[in-house]
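Following this message is one structure expressed as structure tokens.
Read from first to last, the chains carry the letters A, B, C, D and E; within each, the first residue is number 1.
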Amino acid sequence: MSGADFLFQGIIRAFELIFSLNPYIISITGVSIKVSGTATLLATLTAIPLAYALAFLHFRGRQALIALVNTGMGLPPVFVGLFIFIMLVPAGPFGFANKIFTPQAMILAQYILVTPIITGISLAAIKAVPKPIIETVYTLGGSWKEAIIMTFCEARFGIITAILAGLGRALAEVGAILIVGGNIAYTGSVGGIGEGESYTRTLTTAITSETSKGDISTSIALGIILISLNLSINLLANFFQRRS
Amino acid sequence: VQQAPAGNTTSPTSTASAPQDLRLATTTSTCDTGLLDVLNKKFEDENNVRILTVCEGTGKSIATGELGAADVVMVHAVQLELKAVANRSFINRSYMMYNYFVIIGPESDPAGIRNASNATDAFRRIAAKQSPFISRGDNSGTDIMEKSIWKAANITPAGTWYQSVGKGMGETITTADIKSGYTLSDRGTYLAMKDKIKLRLLFESDQKYLFNPYHVMAVNPAKFPNVKYDLAMKYINYVISPQGQDIIRNYGKDIFGEALFVPAAGIKEQ
Amino acid sequence: MELFRVENVCMAFGKKDVLKNINLGIRRGEIFAIIGPSGAGKTTLLRILNLFEKPLCGNLIFNGLDAGKTGGLRRRMSMLFQTPVVFNASVFDNVAYGLKVRGFDKRAIEKKVSEALNTVGLPGMGKEKARMLSGGETQRMAFARAIVYDPEILLLDEPTSNLDPANVAKIEEIIKRIRDERGTTILIATHNIPQVRRIADRVGVLLNGELIEVNSIEGIFTEPEDERSAAFIRGEMIY
Amino acid sequence: MSGADFLFQGIIRAFELIFSLNPYIISITGVSIKVSGTATLLATLTAIPLAYALAFLHFRGRQALIALVNTGMGLPPVFVGLFIFIMLVPAGPFGFANKIFTPQAMILAQYILVTPIITGISLAAIKAVPKPIIETVYTLGGSWKEAIIMTFCEARFGIITAILAGLGRALAEVGAILIVGGNIAYTGSVGGIGEGESYTRTLTTAITSETSKGDISTSIALGIILISLNLSINLLANFFQRRS
Amino acid sequence: MELFRVENVCMAFGKKDVLKNINLGIRRGEIFAIIGPSGAGKTTLLRILNLFEKPLCGNLIFNGLDAGKTGGLRRRMSMLFQTPVVFNASVFDNVAYGLKVRGFDKRAIEKKVSEALNTVGLPGMGKEKARMLSGGETQRMAFARAIVYDPEILLLDEPTSNLDPANVAKIEEIIKRIRDERGTTILIATHNIPQVRRIADRVGVLLNGELIEVNSIEGIFTEPEDERSAAFIRGEMIY
């Protein structure tokens, strides 16, 4: 079989899998969305306040923290995965929580990876909002809360880009969740695309295991599903960005 | 060499409706060949258990068990296993099956290993010709075996012909296929991939060097009180039971035309 | 009587002294003009009063209390910036902002905003995008935005600089009416000397950060205390 | 050995490896820098003009392209790796180039992954530059080239963030380069951290293979080296950002 | 004689007609004032001349040629915006910009910039950050930036709106001198009617996008052709 054939077969397989509403595919897609969605949500809730603090508060070590956030944008996923792994295994300091190889551990890993990304990009967007805008809010009687809301509206495009970058990264991420999640699916699905059910298997970790089995067509098919998912989210988001 | 202990710690079958979870850390070859699908399904159905299978290579599987993150491990690297048993991380190490490693390479066989007298001779010929050799380089059972063959052949492989890829078996075969190089593979993975590659099986059946035994062992509950030791033992006993061994004996015959593994419960190891 | 007082206030940016030892009392309900050459420190003084800058020395006393300890002070005033900034929204939303922030209900907001837009000569412009307005329209919209919620104190920084004579007259009329009807205290920084005569009760002259004269309107135009402020009013360059 | 011990050992090991100037470590670090640096450079050269085009030119399909760029920020690396793999294998359409398992293939993979990231973030930064700034350039006699330079200066902070995010992503990336690069090292490095020499092995792919060996301490050590590298780059960049 | 001509130009933003059938010839070396109430279309007309907006209909003819076909036209003019925008750099760099773009050498740039800063009353301010300047200082800096490279045509949109009388006089003097010494053609949109009388040769009155009168200075102040422009000059609101 030639290289291009794999691609071709993969595309056909992707359509088959999507349109047959294969329950196994649905369940791993569900885990992908649940894990990456939750991680991105939590990361956004951390990152945006953090970005505001870095933009507006003048505390000691602010510059160092900005450098740290930018460094965090390049945290190696496998390292983050390993770090959480040795923390969460029963022999580790947080072993008592019994969270290794669970979706929660995966959410934690992606949260750590994605938070700096959303923070760094939001920070750049927030810093680009002209100061007089904020002063106008204040002089018209707005509180710091209203100033934050106004900044948010003005930096909307950039902040949406930040969240999209974070979500995209989370959905595409594999190194960390493979280690802390274990790529586990229940019966029937270990050896192939069966009627199994995912526990900690996501689209990306499934791609990895299909690849290591040498089943490149299925990997490509899963990749196409993942990209379609991402594209739908982005078309939706673009609709909102365009209104800014 | 430790003798497989008899399983006499079986707990009464659970009657609860919610299935119990059992964590199994195992090497990629058992997953990727599809053996575990069949083997585990039966156990799950009969015992109201869900097996959480983490496929991650022998080295990592043993580390996972040593850290208490698995209940039971299924691996194939005798030295590493014995070391881990010696430090009391695992107990009840049981011999479950074996197969043979094979040396595969390009059909033209530039180093002429088809006529080699044994595995060390084959390796010597490859080194002499400096034909590309792809090494897994990942401390897996296969990798350790490869290293010991080089050692027995009294060769320290060096040079750009000898390339280490630090990957699983399937990917290593793919790499060797693209680079038209030789590599050492377990028989199962080779058979599973043989239709997709140009490499051919060139040398096999050296009882001394190409022997590939798999063991299953339980994480020591004395070290990690939270592991599901009883359930792990139930699983081990199932794998080495006639029922489990039968599944191993027949697995692959329909798909590959021949069995991938030979059941070995109760056999004394060399 | 005296609504607030600036006591010994000084200000510097880097090594540049921008305000030097300013003492000034503003009476409730008066229109006080701040004049002086470009760069004298007028905007800086207004910004200090609106609490955007903390003076390097001296105090602000509101109603006899230290400004820092008077909670909600900024809510009682509003400032029209020399270069008004427009929110990226409709004219209506811009003008409504101060009302929304103060929790007025929708009905009241609509009524007040459309009244304010009528007053400044922008009737029916509520739906336009504020960023698209002309220079003078922007200035009038910002004026409407600053007065619509009846602040107790109004700080106007060159409120008519971009307007034609007729619109200037209109805005001046509104300023006087606000003071007369609502008793609003109004500070206005302006370069328009005839405007000072037309609307202000008292005037302060800033020069290089010093308040060289504070006088009544009659006073400054008939017998100015300082030769430099007399020259400034005549339109001469003073240093 | 408990979980935290691995971390502790990893830190010690990292210091050992760094201060002994281990030639194997130096060579994999070199490949990391060469591959990710080149990919980021090429991606920057593509992304910034693209971001400008998306910001200023009003062509058909512009909005769709923006959505596509945002989707690209979430391209799954394993998918990109596989795609390039099937294109470059001898049986693939570009097999004649004989580039599979080479640093060039890795650069290509990271280039594809990083370009949308730099484009998306730069675009947000460029769009935040007020239009009158550009009009002022024009009225003072500046050409479109000078308008671009001025926009660049004004959007500096955001564009630097974009490049840093891209470089961080490239340096941390493992899924794609593992597949197309093959994680190849020459002799001597077979069983551990020896005196071997990397051909297509990077810090991240080495972390993966050390992890699969179960050598968690060495993985952690390599991760620490990677993060230190990233941190140094960011401290340097922060120095420039601060001046904006 | 005639440097450029606006022929039947009209402009609309959305449904709003902003300029209607404008016909206007500008002579080389004259100072032409554009007046009219806020929102009349003055800025829009200047922006069309500076090629920022393409008119919906009509033509711009420069030196008898279509403006679209006259290469490098924009380089020969410069516009001072009603709300000047400042580059995030020093005052020197801001003023030097047009010179750098034109490839002047470092020596010449330094000389010209410091001269220009002196002329507008900002001597020695070159090293200051431009964003920190006061409103009037910013306006003067932007004026210096627009004239420093001797453009053939100068478009000034309310160039003295933020200045005190003495500085206004100074800028007016510069404007006249530039025209007298360099023969620069100058269009100035202004709300300052006395200023029109002081510096302009001719004047056009815009009202709701229509050019209701074009006249000489003597003409418009002694016998205006249109009753509405007469009223506007008296400071009355016209519609």
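By definition in this document, contacts are C-beta pairs under 8 Å (C-beta built on N, C-alpha and C of every residue); 3 or more make two chains touch, one makes a residue touch a chain.
All of these numbers come straight from a predicted model, not from anything done at the bench.
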Fewest touching-chain hops separating chain D from chain E: 1
Chains touching both chain B and chain D: A
Maximum centroid distance from chain E, chain identifier (CA atoms): B
Leader among chain pairs (count of C-beta contacts): A-D
Chain whose average C-alpha position is farthest from chain C's own: B
Geometric centre distance via CA averages, chain C-chain B, whole Å: 83
Euclidean distance of C-alpha centroids - chain C vs chain D, Å: 53
Separation of mean Cα positions, chain E and chain C [Å, integer]: 28
Centroid distance [mean C-alpha coordinates] between chain D and chain A, Å: 17
Interface hub residues of chain D, defined as touching at least two other chains: 1-3, 89, 130, 179, 208, 211, 216
Multi-chain contact sites of chain E, meaning residues that touch two or more partners: 83
Residue numbers of chain B (touch at least two other chains): 56, 66-67, 168, 171
Those chain pairs that satisfy the touch definition: A-B, A-C, A-D, B-D, C-E, D-E
Contact set on chain C toward chain E in their complex: 13, 35-39, 42-44, 82-83, 121, 132-137, 139-140, 157-158, 161-170, 191, 193, 232, 235-238
Parts of chain E lying in touch with chain D, wherever the complex brings them together: 50, 52, 74-75, 77-79, 81, 83-85, 87-88, 97-98, 101-102, 145-146, 149, 151
Chain A-facing residues of chain D, complex: 1-4, 6-7, 63, 66-68, 70-79, 82-83, 85-89, 91-95, 117, 120-121, 123-125, 127-130, 155, 157-158, 161-162, 164-165, 167-169, 171-172, 174-175, 179, 203-204, 207-208, 211, 216, 219-220, 222-224, 226-227, 230-231, 234-235, 237-238, 241-242
Chain B - residues contacting chain A, complex: 23, 28, 31-38, 40-41, 44, 50-56, 64, 66-69, 168, 170-171, 173-174, 192-193, 196, 224, 226-227
Complex interface listing, chain B residues touching chain D: 56-63, 66-67, 80, 135, 137-140, 143, 147, 157-160, 162-168, 171, 175, 178-179
